[in-house]
Structure formats: C-alpha cells, structure tokens
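Here it is, the structure in full.
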Amino acid sequence: MSLAEQALAGALSIADLRRIARRRLPRAVFEFIDGGAEDELTLAGNRRAFERRRIVRRVLIDVSEPSMRTSLLGAPAAAPFVIAPMGSCALAWPEADLAIARAACAAGIPYTLSTMSTTSIERMAKAVQGRLWFQLYVLREQASTDKLVERAAAAGYEALAVTVDLQAGGKRERDLRNGISLPPKMSARHVLDGMLHPSWALQMLRAGLPQFENVRGLLGDEGAGPTIAARVGQNLNPAWNWDDLARLRDRWPRKLLVKGVEHPDDARRMVSMGVDALWVSNHGGRQLDGAIASADALPRIADAVGGKAEILVDSGVRRGIDALKARALGAGAVAIGRAALFGAAAGGEAGARRAIEILTGELALAMKLSGTPDIDSVGRALLDGEPTQGGD
Amino acid sequence: MSLAEQALAGALSIADLRRIARRRLPRAVFEFIDGGAEDELTLAGNRRAFERRRIVRRVLIDVSEPSMRTSLLGAPAAAPFVIAPMGSCALAWPEADLAIARAACAAGIPYTLSTMSTTSIERMAKAVQGRLWFQLYVLREQASTDKLVERAAAAGYEALAVTVDLQAGGKRERDLRNGISLPPKMSARHVLDGMLHPSWALQMLRAGLPQFENVRGLLGDEGAGPTIAARVGQNLNPAWNWDDLARLRDRWPRKLLVKGVEHPDDARRMVSMGVDALWVSNHGGRQLDGAIASADALPRIADAVGGKAEILVDSGVRRGIDALKARALGAGAVAIGRAALFGAAAGGEAGARRAIEILTGELALAMKLSGTPDIDSVGRALLDGEPTQGGD
Amino acid sequence: MSLAEQALAGALSIADLRRIARRRLPRAVFEFIDGGAEDELTLAGNRRAFERRRIVRRVLIDVSEPSMRTSLLGAPAAAPFVIAPMGSCALAWPEADLAIARAACAAGIPYTLSTMSTTSIERMAKAVQGRLWFQLYVLREQASTDKLVERAAAAGYEALAVTVDLQAGGKRERDLRNGISLPPKMSARHVLDGMLHPSWALQMLRAGLPQFENVRGLLGDEGAGPTIAARVGQNLNPAWNWDDLARLRDRWPRKLLVKGVEHPDDARRMVSMGVDALWVSNHGGRQLDGAIASADALPRIADAVGGKAEILVDSGVRRGIDALKARALGAGAVAIGRAALFGAAAGGEAGARRAIEILTGELALAMKLSGTPDIDSVGRALLDGEPTQGGD
Amino acid sequence: MSLAEQALAGALSIADLRRIARRRLPRAVFEFIDGGAEDELTLAGNRRAFERRRIVRRVLIDVSEPSMRTSLLGAPAAAPFVIAPMGSCALAWPEADLAIARAACAAGIPYTLSTMSTTSIERMAKAVQGRLWFQLYVLREQASTDKLVERAAAAGYEALAVTVDLQAGGKRERDLRNGISLPPKMSARHVLDGMLHPSWALQMLRAGLPQFENVRGLLGDEGAGPTIAARVGQNLNPAWNWDDLARLRDRWPRKLLVKGVEHPDDARRMVSMGVDALWVSNHGGRQLDGAIASADALPRIADAVGGKAEILVDSGVRRGIDALKARALGAGAVAIGRAALFGAAAGGEAGARRAIEILTGELALAMKLSGTPDIDSVGRALLDGEPTQGGD
C-alpha cells in the first residue's frame, strides 16, 4: 500500500478524511469546501441539529442482515444516500467529479452533477454507468438554461434537481479573504500556498486549470466576482419563480426535484404542481447565515407533504447515524456533499469510495444497534422527544 | 488607495471594522465604545437574542430587485436603519458625529444627534442635509432641557427622541478602570497609551480636545464623575416621569419618540399619550446589566402596541440579517450605534459609509436568500418557532 | 492612602475583592472560603440561577431617591441585606467576625453570628451595637445546644437562626486536599504557603491561633475531622427533627428562623409551627452537591408560604441586582456570606464595609435603572418569563 | 503504607481513581476502559443526564443512621449498587475480575461476571462467596451459549443477565487507533508504551497474557477483529430475538435480567414474559453513539413497568448521589463499571474496595443531606422538575 492508501485505510471517520484533506489542500481550497456564510451560525446549527437528536433503541430484533436498500425516485438504491451536487470540485483533486461519481456508482447510490461542475454533462454520462441526476442552476439567459436542460435530457440523466436557494451568492467571508476563484487567478500568496502543498500543486499543473465545463461561454463575464459563490450568483436568475417552475415541470418529462426547500407551505405548493421530490437544504450553511437547520426543517416538511412526494435532506451529515435520524424525521435519503469531497480530496476515487464506505458502514452498524432490520421501517418514534404528529 | 482605504475596502463585516478600530484606538477609548455594564450579561444577551433566531426561507419569489425602502415616522427611508445617538464620538475620530451623519445622509437613512454629542445641534443641522433627529437627555435643570428642545426645534430637527433609560450612569467597569472622561483628563497612562496609537494621537492633537458642545456650561460640575457615563448620569433628572413626558408631548409639535422602552405596559401608556414611536433599547447593554435582550422585548412590545405606533429597536445589531429579524419581530427599523462608530473610528466618514454599506449589503442579500422582495412585507412567520400571537 | 486602602478603593465589584483576597490568603484558606462540595455543580448553579434571570425595566418613574429601606423580622433595615453566618472567619483576617459585624452595623443591616465563629457570643454582643442574630448549630449534646441558646438569649440577640442543612459535613474536596483545619494544624506545606503570604502570616502570628470560641470544650474531640466541615459535622446532631424544632420554638421567645430550607412542604410546615422566617439556602453549594439552586427554590417557597412568614435567601449573591431579583422572587432580603468575607480578607473592617458599599451601591443603581423607587414595591412581574402564579 | 496505598487513601473521588489509573496504564488500555463510541456523544450525555438533575432537599428528618440496605432480586444488598459486567479486565490489573468481585463481596453488593471475563465462571464461583450474577452474551453457536448457561447454573450463579445491546461491536475509534486486542498482539508501539508504564508491564509479564476464559475455543477465529469490541461483536448472534428470549426464560430457572433496555414498549413486553429485572443501559456509551442517556430513559421505563419488575441502571454513574437520583427515577440499584475498574486499575482489590467505599460514602452523605433516612423511601418528588406521572 502506498502512503496515501494507508492514510485512507486508516481514516475511521469523515472527520479523519477532512483532516487528511486539510493537510493536502492549500488553505484557500480547503476553506472553500469546509466553510460557510458570514458567522457560520447555520453551518454549526446544521451539525448540532443532528447531534442533539437521540435514538431510543429497540432490542431483540433479528438484525443479522440489516437492509439499507431503498427506493429513490421510483428506482432502487443500495443505501439511503445520494451525492449532492458540488461545483468546482477539481480544485480538490483532478476530475474529482468523475472520481466521486464512479464511487457512487460502485456503491449503488445516485450521483448529482452540478451545473457548476468541472466535468461536462456529456462526459459524465459517458464515463459513469450509474444513476445520474443533474442539478440545474437557472442562468440569467433563459436560452442558456433551456440548453442545459436539453443537454441533461439528451445525455439520459434520470432526474433534474433545480436549486432554488442561490438567488445570489452567499457571503462566504473565508473565500473573500482567501480570494478563491475559478478559473484560479494566481496571486503570489496562492503560489506560495501551492508550493507548501506540493502534491496538490503538481496534480494541478499536470491536469491544467479546471473550468466550469457546462457553462463555458454562458457566464456573463468570465472574470467577474470576487469569489466562486459571487460569480455563480451573478450569473443566476433571481427572478425565477413559481411560474417558471411550472414551465420547467412541463418541459422536463422525467423526475423533477426542487433543492433548497425549508418552508412547509412552499413544499405543499410544489407537491401540488407535480414536483416529484423535495430536497430540504440550506446549501450546507453556505448561503443564508441564519437559516434554520435542515434537520429542524425536515420533520415539518414531512408533515406538510404527508407522503405525496419524496424527500431528501442535506447539510450537516457527517456520520452514518445521521441517515438513520433523517429517515426517522421523514427523509427518504440524505445527500452528502463535503463528506464525499473530503474523501476525494484525500485520495481521488479511492477516497470517495472510502467516504461512502465509512458512512454506509456506520449506518449499517447504527441499524443493528438500534434494532432496525430494514431502513424502510424507520419511523419518527425512533427518536427521543420528537413530536410524532406535526403540521407546521 | 491609501493603506487606510485599503483596510476599509478589505473590511467584510462590522466585526472587521471593530478589529480595525481596536488597533487604531487607545484601549480606554475602544473599551468605552465596545463595553457594557458590570458583567456584560445584557451585552452578550443582546447579541445572542439575534443570533439564536432562525429564518425559515421562502423560495421561488422574484427577488431580483429587493426593496428595502420603507417609511419611518411618515417619511421615506432608503433602508430600515437609523443611526442611534452616541455621545463623545469625537474620542474615536475628529468630528465623528459629522462623519457618521454625512454617511447616513448619503445612504438615505435618518441620523440621531445625541445630547452628549461633540457637535452642536446647530452645526449639525447646517452641515448635513439629510433627515435629522435629536436625542434628548432630560437635564436636572428644567430650563436647560427646555432650551435643548427649543434649539432642536429651531434647527429643524424632524423628531425628538427622549431617552428614558439613563436615570443614572451605568456601572461600566472597564471605563472605571481605564479612567476615561470627557473632556479627557490625561494621566501618564493615557499619554503612554496615546503614544502607542500615534495616528489617533496626532488627530486628537490637531483637532483639539472634544467637548460636550450642546451642554457647554449646563453641566453642574465640569470635572465631576469618574466616567463619562457617571458624569452624564449625574446631570440628568432621575425624577422625570409620566407627567413630564405628557408636558414634553405638548411642547414638541413634531414626531416624538421614547427611547429605552422594554415593558409592554409602558409601551401601551406611551401610545395612549400620543407618542409616535417606541424605541426598544437597553442602551446597548451599557445601563442595567440584567436587562432583557432587546430582541426578546421587541415582539411583546409589538403585540402590545398593535400597530398604533412605530417601533425602533437597537442593542446587538451586527449583521444585515438582524434588521430582517427585527422587522419580523415587529420593528420598523433597527438603530445602529457601535457598528457605525466602529466604522468612523476605522476611517472617518468613509468608514461610516463602509459600515452602512456592509449592513445594507448584507440585508439585501438576506432578503434575496430568504425570499423577501419587499422589506415591508416581512411578518413574524419568517422566524422559526416565534409565537405569532402574543400579548404579554 | 496606604496601598491596601488604595486596593480596596479600586475594587469595583465583589469579584475584585475576591481577587485581592486570593492574592493575600494562603491557598488553603482562600479555597476554604471560595469552594464548594464535590464537583461544585450546585456552587455554579447558584450563580447561574441569578444570572440567567432578566429584568423587564419600567421607565418614567421618579427614582431620584430610591428607597431600599425595608422591614426584616419586624424591625427596620437600611437595605435588604443580612450578613450570613460564617465560621472560622479569623483564618482570613484577625477578628474578621467583629470586622464584618461592625461594617454591618454601620450599614444598618443585621449580622448573624455563627455557632462556629471565632468570636464568642458575649464578646460580639458587647462590641457591636447593631442588630445581632445568632445562628445555631444543634450539637450532639442537648445540654450544649441549650446552653448556646441560653447564652444567645442572655446576650440579647434578637433572633435565632437554626441551621438544618448540616446533618453532616459536606464533601469539600479542596479542603480535604489542602488539609485545612481549625485550630490550624501546621504541616510543612502550610508553613511554606504561609511564608509565601507574609502579610497574612504576620497577622496570624500576632493574633494567635483562632479557636471556635462558642464551643470551647463542647466538641467531642478537639482534633477530629480531616476538614473544618467534617469536624463540625461530626459534632452536630443528625437526629434533630420536627419535634425538636417544636421544642426550640417553645424555648426561644424571640424571632426564630430556619436556615437551609428548599422544599415548599417543609416551608409550609414550619410556618404552621410558628417559625418567623424561612432562610432558603443550600449553604453556598458547600453541602449537597446536586441541590437545587437557591434562586430556583425561592419562588416556590414564596408561593407555598403566601406571605405568612418572612423569607431570606442566600447562595450565589455577587451583585446588587441579585437582591432586586431575589425580592422579585419573594425574598425579603438576601444574606451575603462570601461577599462580605472576601471584603474582610482583603482589608478587615474597611474591606467588609467596601463589600457592603459595593452591593448596596449596585442595588441602588439597579433600582433606578429598573424603575423601582421603593424596594418594598417589587413584584415578580419585574422578571422576564417568571411564572407569576405558582405553587409547587 | 506503601506509595500505592497512600495514593489510594488519598483518592477522594472516582475522578481521582481515574487519574491514578490513567497514569499507571498504557494509553491503549486506559482508553479502552475510558472511551466510548464514535464522537462520544452518548458517553458525555450519560454524565450530563445525571448532573443536570437537581434534588430538592427535605430537612428535620432523623438521618443519624441512614439505611441504604435494600432488596435486589429478592435478596438483601448492603447498598443499591451492583458491579456491572466488564470484559478484558485483566488488561488493567492481574485477575482484576477477582479483585473487584472480592471487593463487592466485602461490601455486600452483587457482582456480575462478564461472558468475556478473563476469569472463568467456575473459578469465580469458587473464589468468591458473595452474590454472583452471570452476564450472558449470546454466541453465534446456540450450543456454546447453552453451555455457558449450564455452566453458570451449575456454578450456582443466582441470576443471569442477558445483554441485548451488542448486536455488533460499537465503533470505538480510540481502540481502532490504539490497536487494542485480546489476547494482546504486541506492536512496537505497544512495547514502547509498556516500557513507559513499567509497573503495569511487570505485572503483565508475571501474570501472563490474559485470555477470554469462558469462551476458550468457542470464538470463531482467535485472531479476528481489529478491536476487542469488534471481535466480541463478530462472535455474537445478531439474530437473537424475542422467541429466543422466551426459550431462555424457560431454560433458566432462577432470576433473569435483560441488560441494555431503553424503550418502554420493550420493557413492557419483557415484563409480560416473566423477566425479573430490566437493566437500563447504553453500554456506557460504547455501543450506539446517539443513544438516549440512561438517566433519561430510566423514568419512562419505570412508568411503563409500574413496579412489575425490578430495574437497574448503568452508564454515567460517577458519584454516590447518582444512586440517589437513580432511585428517585425508578431504579432499584445502579450498576457501576468503569468506576470499579478504575479502582482496580489503581490498586487491585484494595482499589476496587476504595471505589465502592467512595461511592457508598458519598451516597450515605447525600442521603443525610437530602433528608433520606431510608433508601427505599425515595420517590421521584425528590428531584426538581421531574414529571411525577409519566408513561411514554
């Protein structure tokens, strides 16, 4: 085993993978992945909302073969996990998008390609045989957005997840201080930082500068925006609304998800419009600092929807047991972003596989120890003190 | 750009401006601005009361042009912000009052001149064309108080905000230890501290010692009081009461605000007396250490008033999103004190502009990200778990 | 002014006096005063219970002459403070009992002499002209206890406060580690510690070793017990019960207080037996670690008693505003122990005066700032969120 | 007294014994005992759940001879304590099982031998005359399990406690990093660690490598599993269920306990099946990280059972007062694991005696100070704010 392989094998938790990634990556890149908006109150709140929930275990149930197989969007998944869309991943590892997607495919869970990925829609579809979803950012030019949707349809993506919580780029102060951008604009400080992380720098030199491959030529100003978030935000359409969603619903014939939902009334309205799945998210604490934690918003969304649509949740998942708690709170699956990217940053595809392996291993263990033979049988009563009848 | 301009431009948050101010100012001056009373429990509680409130975002609303224009005291304001009255500002920057007022004027928000300002009522009125309010401390001599009111009326101030929470000076232990006073009494320690902050010291030497310009000759004992707060407190009338407020209401023909309200019953009585606006405040945690946080008192005041008067709130505002939360809790605007003064201490008028720019920028972003196209449409339901029907 | 006088004058708070005392005293003595039982959970909880309560201020009330005069046990007190009984005080300052009693007398508040004081009942009565109460520990020998009661009666003490929460000495681990005892048994470590605190050591040498003056010859074994608390506990009667209290009530013709009450049912029963005042206390967190905070027990005791007896409270008072909160919660006065002793340890009688001056000054200020012209008019509504109707 | 005896005598609390153990043991061994699963959230929660509960003391009750004698499983115990089963104890001290059992016997409390003990069922029964219970892990081979039960019956164990919360080994990351196993597999790091702890290393060399004496030859693969927990988990039967429990109930004629219960519905069902006692436990935070604290699960179990079975509780007990709180919450006794083993690690049998002595001494004191003359009279009303009528 190489030293890198040994490090991956020795990583016991997502926190371990994060530590390896922190050592390997220049600070600007690590903080771009790890950080949140403003005072990072929502970032911290997301984690706390999972941690403070406690399980009341059941015993004397045969858990010799706990099944975490489930159905997501009408098709089987080997575990209640989905890869969340992430842009700019190639800053962490060359072709990190492909690395993570291959790991997801191998693990039998869906992968969501970001509009702001550094791998094109078509390349991903050719390279990976697994379940692929496409995350759509609504660009200011309607024609550009339409083209993205058409490309995703043509490339065979089974689902479209339209993101509705990036009406503008979040105020990520760490990125503003670090001056991170894509394509990278190298200051003396960045060069120095790169020299201090030679394995990363060599990879970058060999691989060439990553680009937003799906939106080449579509962004208004190639160089604009002090941060990646700001540049993305400037190119998105903040006027996009319920009517536009209705049109998208009509245009896209396959499964449609809306990502970034928090309010029960919004959820109800989406369901009535034929949205297939709601993705409860606050963008990992990277957008509105002050947004409610995902795990707190989730049960009210579930109560509002009453089973008429599927529910995903992200933001704050770091342990396999979080997936069990999320299922108890009403989600069909949890989406993992940073967890997978820490893995890829620590060791490419092998690292991404390790991340998924850690989480599914922890979930399997949590199922055994909580008396859960089948992930589809989990109900809210598994959690201590969670109101079992809600509404909002 | 000069180094100072670069520092201002690099300030991303009010916390950054505070850091610049801390470096620039002698410790005694910085702590006079930054500190609170006794154990600073209320100071910390103010901030926590804003931070712990979480927003449940709405999506799919056109937020391409979020409007933060609003009406305050029957006249338009470009944003739901007001500059809170602050005394002794010239300790932080020469003519800081004017610097902040000009910045407020440029930003289209009202400015409140303190009775204890280092700029006179008349000079301010001549120098600045924007909306000006006058904050009234009730002096022990009724005639002196009357004269202040007459001067404010003659100078055209559109509103009078009478402060009712300084029955005595708060016990600000940092000031007592630092021995801060106005006009400054220079000890060896102060001289040394000044030498360690040469840019500040040079400014002070050039500008001359600041004075309480509005009350020259009115304070009982020019040298009394171990701290600024104590000296102010000794010169105010602790017997001033409801009858006096009624008389003031009769004498002052324009808008009348009462600043320092916390109790719903007090609020109701003021409304019944024709007070135009209630200013919920605990003086930034500088008076009664143990007072309820402003953001906790606010919704009960709003419930008690039921729309029959306008409401302002201060104490603890450090981020633009706090204004959104305050609106949701029932305030028409938030007043900012330290935030603006940190800006002025960091760079005079440019610094004050930067402070307002940061807060309005953050508010605009928070409005977009929370689905709030119009600040006047915000209701309590925006906040997680806030009781929507109250009373007290 | 001497250096010591300057230090006292510079002390702004009880925390400052505590710091001076910590510097002056050998560690074993300081920790004996400052510490609590076991993990000091109750010690910390006492303080937190005061700090977390918040006041909703009233305004526009004439507070030019706030009156903190009140009635305690049917006689006037200049302020709602009482000195709590403390044993072994002479370890901190020679004749600290007298120093504190004189300071209390000067301030017009009652002083409670401990059974375990280092000044005799008679000497105190002759030396001090103020209101004197005697705190009674029930010794194992009934005759010894009777004798104490008779001596207190003969010496003219106006009230007897029988302590009921020292069925055994608390497990004060700091004392066990430090090996503190009375009369002091000097180990090499103690001698070294004394040499490192020469002003204290010189005082002790001059004054001679302090003794438990009230119980000379009454304690079973002069040298027993690894700590002061243990030795005291071993000599008290853990069988003392309701019947004994009834007999004491019959024997003592003046005011009778019971100190160490926490449970509403106990309080009701005492009232029905003719006890004049209940003293809510957990012995400053020095006895049962895990006992409810005094400020949490207080309102339920007040509800149970319904005005049929007076109520005192101690444990955790460090600021003047705590007395205001305690009044709002139903107490007639707060008893201060460590606060006064920190003062005496810092500077004898002058230090004790300074402690009382700080607390009464802070209370007067808190009354002004909360709109409280008269301490006797304070009700529970002054506090945020405190249930105004209780019971238990 | 030897130095070791002095250290034991100087240990005032379980925390002190833990400190001695930490110094004496190699890090891998200490952390195996001290640590919990994953992020140790449940480990910390267990302690906090005891600490945050507060007692409302009663006074004026004769507590001169507090009786902590009670009945457990129909036979007398000198105190409401039981030794919890612990495997691999000989890593801490040679024959630690016997040391702890002898200490328990001397103290008049039951001892529970672990299936994974390093002392055989028969040897323990011969060596110790006290009350012995046997803790049963259900092995994958039914015949092996049956044999264990038969051996326990033949050896005269009065009760069988079947553990139901180890469906798999918990994810104890400290152990995974330290590479602890039984029998020990010595890496260079372990040898070095041993050399740094010579008194421990010498003991081990003299005593020989400890083995799982009860399951010699029964474990599937002598070398399997990266940690002790993993190896144990791999050899247990995760399919063991309610039917199996019913069969065990039929086969075992004496008292049957189920250890690891948290859910009230599980508790009710066990009671209906004739289980004699429920042992509320989350395995000391070593299994499911995210499980509810034992002291939080306890009162609901008590409400569900309604007195139809006895209840034990473990996980988080570190002070004698915890036993009083556990009694108030509905348990008949608390089981102590780490507390006793820290004692044994600090000084063998004398250390284990010291641990029990500390806890019973603290409990006696807590009983006196809370007005509890008889442990059997404790009710839930002793605790502040604990709902006295429950259910689940």
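The first chain written gets the first letter, and so on, giving A, B, C and D; residue counts start at 1 in each chain.
In this text, a residue touches a chain if its C-beta (ideal position, glycine included) is under 8 Å from a C-beta of that chain, and two chains touch if they have at least 3 such contacts.
For reference, the UniProt names are A, B, C, D = Alpha-hydroxy-acid oxidizing protein.
Source: prediction; values computed, not measured.
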Of all the other chains, whose mean CA position lies farthest from chain A?
C
So chain A and chain D: same face meeting same face, with over half the numbers shared, or different?
different
Give me the superposition rotation angle from chain C to chain D, based on Cα atoms, as a multiple of 5 degrees.
90
I'd like the Å distance between the centres of chain A and chain D, where a centre is the mean of that chain's Cα atoms.
42
State, to the nearest whole Å, the distance from the C-alpha centre of chain A to the C-alpha centre of chain C.
59
If I count partner chains per residue in chain C, which residues reach a count of at least 2?
none
Run through the chains and report each pair that touches.
A-B, A-D, B-C, C-D
Contact residues on chain B for chain A in the complex?
12-13, 51, 53-64, 319, 321, 324-325, 362, 365-366, 368-371, 384
Which of the residues in chain A end up touching chain B in this complex?
38-39, 41-42, 45, 164-165, 167-168, 170-171, 173, 176-177, 237-242, 244-245, 258, 260-263, 265-266, 282, 287-293, 296-297
